[in-house]
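Note that subunit A is present in both complexes that follow, paired respectively with subunit B and with subunit C.
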Partner chain A sequence: MIEAKNLGKVYTVKKKINFFRSEKEKVNAVKGLNLTIGEGEIVGLLGLNGAGKTTTIKMLSTLLNPSAGKITIDGLDAVKDAIKVKSMVNMIAGGERMLYWRLTGAQNLRYFGKLYGLSGGVLEDQIQNLLEEVGLTEASNTPVELYSKGMKQRLHIARGLINNPKYLFLDEPTLGLDAPVAKQLREMVKSLAKNQGKGILLTSHYLKEVEELCDRVYIIEKGSLILHDTPENITASVVKNYHVKIESSALSTSQQNRIKQSLTGCSIEFSEQGDSSEMQIIAPFDPTALIISVCIKESVAIQKLELKRPRLEDAILTLAKEKLA
Partner chain B sequence: MWLAFSATFQRNYLVMKRAFPWSFFLGHILSGFYIIIFAYLTYFYVFKKDLSVSFSTYAGTDDYLSYVILGGLLYSFSVSLLMIASRAIITELREGTLEALLLTPSSRKGYFLGYVAQGLTRVGIEFAVITVTGYFFGLHLQNINWLSVIIVLFVLIVSTFSQALVLGSFMLYFRDTYITQNTLFVLMGLVCSITFPAHFLPEAVRWIGTIMPLTYGVDALRLVWIEGKSLSDILPYLWKMIILGIIYFPIGTFFIKRMEKYVLEKHFG
Partner chain C sequence: MKLLSILVAETIKSHQHNFHNKLIYFSLLIWPALLFVTSYYSFKPFNLSDSSPLSAYMDVDQITMFLLTGYLGYIFFWSLVQSAWGMSYERQAGTLELIFLTPVSRIVVMFSRAAGNLLEAVWLFTGFTLFVLVVTGNAGDIHWWNVPLGLGLLSVSAIVWGGFLNIVFLFSRDAGILFTIFEEPMQFFSGVRIPVLAFPLWGKMIALIFPLTYVLEIFRDLVLNGKGLVELAEQFIVLFGVLAFLAIVSAFLLKKAETHAKETGNMVLF
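This part shows the complex of A and B:
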């Protein structure tokens, strides 16, 4: 298990005062963050830009040393035992970096494999398996500079798996990818966690992706943890309202009043559209069952019913609005 | 360490095969070639073979052309080596591969040695081309103590490699290669007795040469190449290079490691 306790990171940045003078300023990128990632678990790390997600991932992957707190990975200290920890973790970031463009796909994997201490038949088998898994077997001898963006990203994934890491950090892994490639990647991530037992930390701006994949989500803001729970619980605790839209046969004013009275605690708006009516209901609970029973009682023929369930995206937007307010 | 060494050697070989760094290769040969041509023309047409007594005293030889050509040869050799080793990490940073490299538990010594060993194959060709060119312009090639030449070059490589680690740290700190490296190279050209003995320089400047391995390397090489001196005659020069290497190496490795973290914070934090 990965465990981060009271994790903190302070950057010293130079602020230019004029052409000759600058002064140093301390920026708290991460403050007192507690976080765990278990084996076979996919954990999301969300936040607006500059929240401290990438810094957190870099500390967990040993690239940066924390300014405060402690990270242990299966009992090993990520700073003191960095070399052992490095062979247990890997990171995949979105974009086209972290690959040697003048080498072929197979040569890239061979190079990184050797840097992880693999060699001979074990390394070659691993390379073939990974190339097959990411669908790059045919392009294995093509220089990376000739790869498409999707192919580079798939090779990037293979590079991240070359050392068969126990824990994997994914920083915006589907950034700029086509929908089919992104879907394929999501399937792979699920399989890595559920079938191979890898612990995965995922940051992504595609919140549907986080909702689909993550068992738990940490939401950080300016380096501090503001929420931690399952995506469903976070959504339920942040977004209070359900939106229901119903198209029905024309409603009389008395019918509208009775419906209003029956749905106490809900906000209802009616609009007429020719010989039909439309109801927009906003409720702090799922009002579907109640509205259907009221419509049956009032002999209203429902032509169309749309329920918009609150999503994680709504929760993040709500949190962002609260922050701006 | 061995895996990191062989992997990096092989990787750089493949990259070089795919895109040979012609500009660096020709640039280094041309800089050696210009020194040779300049020395030749000035020797014959400006001061018309008339050397001052002090030159012979300070240089330890009357063979001016061999003196300058060997200076140019070793200057080009040293500059190439410094560039190869010092630019390794900043090149990874610029190509976006530094994070992937630092994520691995590989030996940094193996990485640098692989980088330099592969680079030496190119530097060796440059060395040979400048030597052959120098021969046609008056480089002395008789009675050379080749074993001593090899030993001088080996010690110079080790010492210069250590110096390159320090230079590489500066490059990472300033996130610049051009100004940082060329400032050093201009200084080396001036104070390391490349085209004239450093004794001609004012005392206030001359001391800079004493912290450059090239100063002792070029003096030692001239002694074994031009004067045919034995290994025991150049031992003081070898020791000075070794001591500089011993000083530069821990400083370089310490600062390179610190600078790696520094650039990761500066660049991506």
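This part shows the complex of A and C:
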């Protein structure tokens, strides 16, 4: 289990005043963050740009020392026992950096494998298995500079798994990838957690991805935790409204009034479209069953019904609006 | 075993990176050979007889050998300045951060990187040196039994120097300043072309800054003058003192660089 308690990171930034003078400024990138990641669990870390996600990941992966608080990984202190912790974790970032482009995929894995102390048959087996797992066996002897973006990202995943880490930190792993490749990667991530029991921390701007993969989500804003729960609970607690759109046979004014009276607490707008009508309903509950029963009672023929359930994306947008207000 | 494994990994990585096209042979052979030839012919118009002022400091008949050994030593050291420059690439590519993400001994990586790069960078010019010796008929003037020791000494010194530079580059985003310091000044003040003894006092002081000065002196005494270990004991002690100092400073700076990077996150800045 990874446990971060009261985690903080302060950067000292030099601000240039003029050619001769500069001023030091403290920037609180992360403030009092508490976070846990269990084995076999996928945990999301969300926030707007500059929220402190990457800084948090770098502290968990021992690349940065926290300015405050403590990180323990299976009981080991991430600062004092950094070398031992490094064998247990790995980090995968999105994008095309962090690979040797003139080396082949297999050579990249061999180099990093050796840095993790692997050698001989164990290393070669691990390389073959990983290349197969990420579908790069045929391209294993091709220089990385000839790989597509998706292939490079798959090689990143293989590189991140070379030391068979117990905990994996994924920083925007599907950034800029085509939908099919991103889907493939999501399935791989799911399998790593569920079948191999790896604890995974995921940051992503694709909120559907977070909703699909994560058991729990932490939302941070300017380095501080503002919400922590399952994606469903976060959505339910932040987004209160359901949107329903109904296309039906033409409605008389009296029918419209009776429907309005039946759906108390909801906002309804009607519009006429030739010989049919359209209703837009916004309700603080799922009004589908109620609206259908009212339509049946009023002998209104429903031609089309669309229910838009609140998503995690709506929750984040709502939170962002609240912060801006 | 692990040390060897990292050394092999660094050598392969450096080979794949640097030998991607044939132009690399330009910097490996043509450029140092041109340096040697231009220096040689720069001396030609001047008085190189026993009445030459230079004869007070060296055997002027050995000018070819003096320059050859000088440039051989220089290439050993200069190639590792170029290799350390490659750290900027590692920083920009983000691979430097990935190296520090692993539990590998950082000092082993830094010195293995130097050793791996050295082998790649010097074999061609070493071959060229042997070729010139044979062609010019100077092969007989060499004290061959001292050559393995001389080359070994040159290699070890260059690796310590290269490891030190790699670590210095962990602090620096821009390598330009080191290129300026080490290219022409190191070539001149280390006694590659002119004996250090011929310099004025201030020049001799500058020469002491460059480890190449100490190595070249011993290397020439071994292979050109045939001196033995006992005769060179004092020079060896000084050289090993310089190398030990460099190694200790390297270990200290490496620790400092990683601590600094962990505080500031500057390993991703470029």
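Points worth noting:
Just so it is clear, the second predicted complex is superposed on the first by the 325 of 325 C-alpha atoms of A that agree within 3 Å, B and C clash if a C-alpha of one lies under 4 Å from a C-alpha of the other, contacts with A are read in each partner's own complex, and residues count from 1 in each chain.
One rule holds in what follows: a contact is a pair of C-beta atoms (placed from the backbone, for glycine too) under 8 Å apart; a residue touches a chain by one contact, two chains touch by 3 or more.
All values derive from a computational prediction rather than experimental measurement.
In this overlay on subunit A, subunit B clashes with subunit C.
Contacts of A:83 after superposition: both subunit B and subunit C are touched.
Touch criterion met: A:62 reaches subunit B and subunit C at once. By the touch criterion defined above, A:114 lies against subunit B and subunit C together after alignment on the C-alpha atoms of chain A. In the superposition on chain A, A:296 contacts neither subunit B nor subunit C. Shared contact residues of subunit A with subunit B and subunit C: 11, 55, 58, 61-65, 83-84, 86-87, 90-91, 93, 97-103, 107, 110-112, 114-117, 119, 159, 163.
Residues of subunit A that touch subunit C in their complex: 11-12, 55, 58, 61-65, 83-84, 86-87, 90-91, 93, 97-103, 107, 110-112, 114-117, 119, 159, 163. Per the touch definition, subunit A reaches subunit B in the complex via residues 9, 11, 29, 54-55, 58, 61-65, 82-84, 86-87, 89-91, 93, 96-103, 107, 110-112, 114-117, 119, 143, 159, 163. The touching residues of subunit B, when paired with subunit A in their complex, are 3-4, 6-8, 10-11, 14-15, 18-19, 95-97, 99-106, 111, 261, 264-265, 268-269. Interface of subunit C with subunit A (complex): residues 1-2, 5-6, 8-9, 12-13, 16-17, 20, 92-95, 97-104, 109, 259, 261-265, 267.
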